[in-house]
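Consider the two complexes below, in which chain A is the common component and chain B and chain C are the respective partners.
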Partner chain A sequence: MTAAAIMTAVPEKRPISAGALATLLLGPIAIVNGVAFVLPVFNLLMLSFREALSGGGLGEAFTLENWTGTVTDSYYLELIGQSISTSLFITFLTLICSYPIALYLHRSQGAWRTFLLVLVISPLLTSAVVRTYGWIAILADDGLINSILMYFGSENGIRLLFNKTGVVIGLTEILMPYMILALLAGFGRLDHRIEEAAETLGAPPWKVFWRIIVPLTMPGIALGCLLSFVLAISSFITPKLLGGGRVFLLATEIYDQAIVTLNWPLAATLSMIILVVFGAALVFYSRLLRAIS
Partner chain B sequence: MSTTRQNLPGHLSIRGLTKRYEAMAAVDNLNLDVAKGELIAFLGPSGCGKSTSLRMIAGLVPASSGTISIGGRDVTKTPPYKRDIGLVFQSYALFPHMTVLKNVMFGLEMRRVPTADAERRAREAIALVRLEGKEERRPAQLSGGQQQRVALARALVIEPSILLFDEPLSNLDAKLRDEMRAEIRDIQKRLGITSIFVTHDQVEALSMCDKVAVLNGGRLEQLGTPQELYEQPATAFVASFVGRTNRLRGKAEGDRIDVAGMTIRAPGRHAGTVDIMIRPHRMAMRPILEKAAADVEPTNRIRGTIRHVYYSGDILQYEIEAAQQIMTVEQATASGGAPLAEGSDVELAWRVSDTLAFEVRQ
Partner chain C sequence: MEERPVSLSLKITAFFMFAFLLAPVILVLPISFSADNFMTFPPSGWSTRWYVEFFGDTHMIGALGTSTLLAVAVTGLSLIIAMPASYALVRMRLPGANVLLSFFTAPLLLPTIVLGLAILIVFAGHNLLGTFTGLVIAHLVIVLPYALRVLTTSLGGLPIPIEEAASTLGGSPLVVFFRITLPMMAPGIVATCALSFLVSFDEAVISLFLTGPRITTLPVALYQHVETQADPLVAAISVLLILLTLAVVMIVDRTAGLTKTFVK
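Showing the complex of A and B:
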């Protein structure tokens, strides 16, 4: 076919409109999401309005009791507050620990950078359960840290396991790879020349950091914190194992209500509350992003 | 413009400045004095050490050895934020998260200038680079030329003792470059700031700067006024890098040089293998049959054949095969005269004083 023939042939074939093409491409993921996510969440929402009968049974009638009971019960309110504050604290700690690593990684080059990236990602290749057991070995009363402390003369060592400290330490480490990757993704605007410009204008290193590096990496910080917060508040294996049943968070409570007490409507209600918290975090994140740009 | 050499230490004084990367010396024993208010160019091909020298003066790269002093103060070990310098980057390096005004105010803030005062001075600097009304814009909303103006204002507003330019115009298009060149020169003169301008563009260096330091392979080849550089190049490198030249190689004996059987005379006495350079527009050319007029001045003459003629409006460029080489001759075009035809035999003539001869180190 000659070029002229092709050119005349093209308009005859109706090109798919942009809208139709988008529908076609987004269709499969929309269906998967609908079946595997929206529908179950909707089910969960409906479940939260059902009456819980003893032994895991469900009453036929719809009731608001789960919701009114939860939001008026000081135990649950405290649980929600604690979950949020603990997750925020873990997120903050994860950020503090990950930021220098991400910054160093961003500035390294070549094979060294690749090696470091593999090192950062490698924990993700191991299940969080395995890593949590690793932390138990380190944090236990006769674990690595306390053995060292007692070797240097500490009487009883310090209690790091089966309390909030253990949960915070474990979750921080588990979330660090996600935080580092998110930070790196948001470091695109960082440019060594800009830092040099600030330096020549009279900014000492710490001012370069606060006035230039931190604002320029804000998109990465926001993304990393959102990710860490969401993962922290929804994780239950690590709090369960490192908390030893003594640290109560929303996710562990949901697990207990669903699996142990078999109060599915209450578990559903608490799940919906976490979803609301997620929603609030997302709104805050998008507000922040808009403020940055 | 003064052609006298100053032996007094300048406002900026560089002694034995060296930067070594492992075995390689990026800058090798650089000695330089820049007088107050002078604009000096660092000119050279890429990798000649001009940017490294500039970055050492700014304090962004530590010197391996040697000293840098500004206004009599040794700053060799001083970190950049205490050096009191302004640096204009090739990539502008504006703070993307700040408005134009905040960008320009940054240096003043770092110097703890009260906000109201800082804002007034920043607005003045912005007006100086003719960007009034753009104070609240973000860098991304400005064109390349405007961004470079902001960078200039940001460096000027702190009234630095030395202003450094790192190829500031090479990201701009030709027209804007000419405009900015004049503007930078004008502002620099008006404020009387001692400045160093790094460039690989010889036109930029010659047309803007009081003096030009030609660097090659980390060494200073020559420091002089643009005219000195062009008329009395110290080395073959300077002659070939600054302006265009025809190059002939021959054997010298005193002031006579044998090039492919022809004798060419050059000022001064030379021995051994020499490179002769002649500027294309300093050569005259005429058809061989024409009777030669008596020369007023000592003149070199060689015969050749026109191989190519290039017409580019204001200039006629001939490529002539002579002395077993291709030589370039330039003539201004004139109305009425047709260019000489390709293939015609011609005689090339130039003054002996226009002959640059350099002994080849072997």
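Showing the complex of A and C:
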């Protein structure tokens, strides 16, 4: 070992600078994010400008063909349109189903509130595969709903699985915990004294709800809808299993193109289109927030 | 402050919505004790054969082993990586600490289908597909935001004067950190571990892109099973997974607090 190496190996008495310490502490997380988040996503963006050759190969030159091909192809335009409209419908249903729970949770206290919160958060942390399987048991031809219908004399029952109805029902339930928590976070502005004042002044309950409660909780509603929409349009497990390969949405198409057809540039382009839809939803959300306040 | 009483109509509506929310999770319990060969409801008879079948299924048990090892490795690494990061972000008064925090939690905003595809393409060029290392790196990206969030909240809620007193009395920064800060953060650390373990253990979409014939995780094996067969085997495994989830939710409630962790 040379003298210089020994010199540098001896720890200095002077404490290391704040900048160096911060780099040391933040370095590992920055490396993980760089290697498995920034780099792959940038690579995906670049890939959407490469030509797809047969058998999963890639062309050398850069091309806009994937993008122009996708946005002029009537199949993909319909797929994008369908994905957006289905996700909007699911978002609306999720809001309707979640609002009563959030309002009830907001007004409960103590151990009862904690218990209800556990009931909301446990599904959130339960694997999507498990919850989707539960829905198959409910919606299948010999599942819960059809057994009840048959019991009451229905001849054939109704087809709820492997079509869009099943996907909508399942996804609505899967997204409810996210919506409930977003609503709850936005309910802070709700003050029961204002509601009571309106009641004292003679407002009927429905008027208190529409004129006081809903406007005051609008920020929570907007956040919950944004979250549900982006999660609905990007969810994969539930549409794939409840749709049984017969319901085509952007996320399932990305998977099929990437794994089955091995057309990575097209899968990359569709991924970027999802991110563009995300961006549009975010812009709409921030406009909405500004309009509310 | 006196809270507003809950009206009867709200109680009834909320009850039905709760029933809808919990229906699929509750229904797997009776199905898991079915004696039938196929999934029907209600089952024609009762038995514990599907639990026996699960523990005898080498493919599923192998996937369970992989998932458990993976979740343990990811939990340990996420703690080692997120702990110093959260200290730097909360205590060092760095310029742009909020921007950095948003950047480090950004992977959560990306759809997992997009992140999975992006990682698949990069890993394919580096022989990381179908490897344990590849799965660990990919899971770290989505677990770290959770770990960072719980740890920064926990660290931000600690009283600084105790640490200041310790260093005034001559404790070096490292001694203060390990003897004062770390023990006070214990609840946050326990919550981080529970949450990290569960997020990794339950992750299905990204794993679906990265697993193969050589290595598979439990959620991927379950997904593939549900895609091809409709028998009560998955219900039996689901019941075990739901019990694990409940345990984690209880741990988070007792340590970091459910409201603080999930409702801002």
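What we mean here is this: the second predicted complex is superposed on the first by the 255 of 293 C-alpha atoms of A that agree within 3 Å, B and C clash if a C-alpha of one lies under 4 Å from a C-alpha of the other, contacts with A are read in each partner's own complex, and residues count from 1 in each chain.
Basically, a residue touches a chain if its C-beta (ideal position, glycine included) is under 8 Å from a C-beta of that chain, and two chains touch if they have at least 3 such contacts.
A quick note: this is a predicted structure, and the numbers were derived from the prediction, not measured.
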### Three-chain arrangement built on chain A, chain B and chain C clash or fit
fit
### Task
Decide which partner touches more residues of chain A, taking chain B and chain C as the two options.
C
### Query
Is A:88 in contact with chain B, with chain C, with both, or with neither (first, second, both, neither)?
neither
### Query
In the superposed arrangement, does A:262 touch chain B (first), chain C (second), both or neither?
neither
#### Entry: Touching partner for A:201 - first (chain B), second (chain C), both, neither
first
### Message
Is A:288 touching anything from chain B or chain C once the two structures are fitted on A? First, second, both or neither.
### Response
neither
### Task
Figure out whether A:271 sits in contact with chain B (first) or chain C (second), or with both, or with neither.
second
#### Entry: Where chain B and chain C come nearest after superposition, their Cα distance in Å
10
### Query
Of the residues on chain A, which ones does chain B touch that chain C also touches?
196
### Summary
Interface with chain B, chain A side, in the complex: residues 189, 191, 193-194, 196-204, 207, 211-212, 215-216, 218, 292
### Query
Tell me, which parts of chain C touch chain A in their complex?
3-7, 10-11, 13-14, 17-18, 20-28, 31, 39-42, 80-82, 84-85, 87-89, 92, 94, 100, 103-104, 106-107, 109-115, 117-122, 137-138, 140-141, 144, 148, 198-199, 202, 204-205, 208-209, 219, 222-223, 226-227, 230, 234-235, 238, 241-242, 245-246, 248-250, 253, 258-259, 262-264
#### Entry: Residues of chain B that touch chain A when the two form their complex
58-60, 79-87, 89, 91, 93-97, 106-107, 110-111, 151, 154-155, 158
### Query
Which part of chain A faces chain C closely enough to touch in the complex?
18, 21-22, 24-26, 28-30, 32-33, 35-37, 39-41, 43-44, 47, 97-98, 100-101, 103-104, 107-109, 114, 116-138, 140, 142-144, 147, 170, 173, 176-177, 181, 184-185, 192, 195-196, 205, 230, 233-234, 236-237, 240-241, 251, 254-255, 258-259, 264, 267-268, 271, 274-275, 278
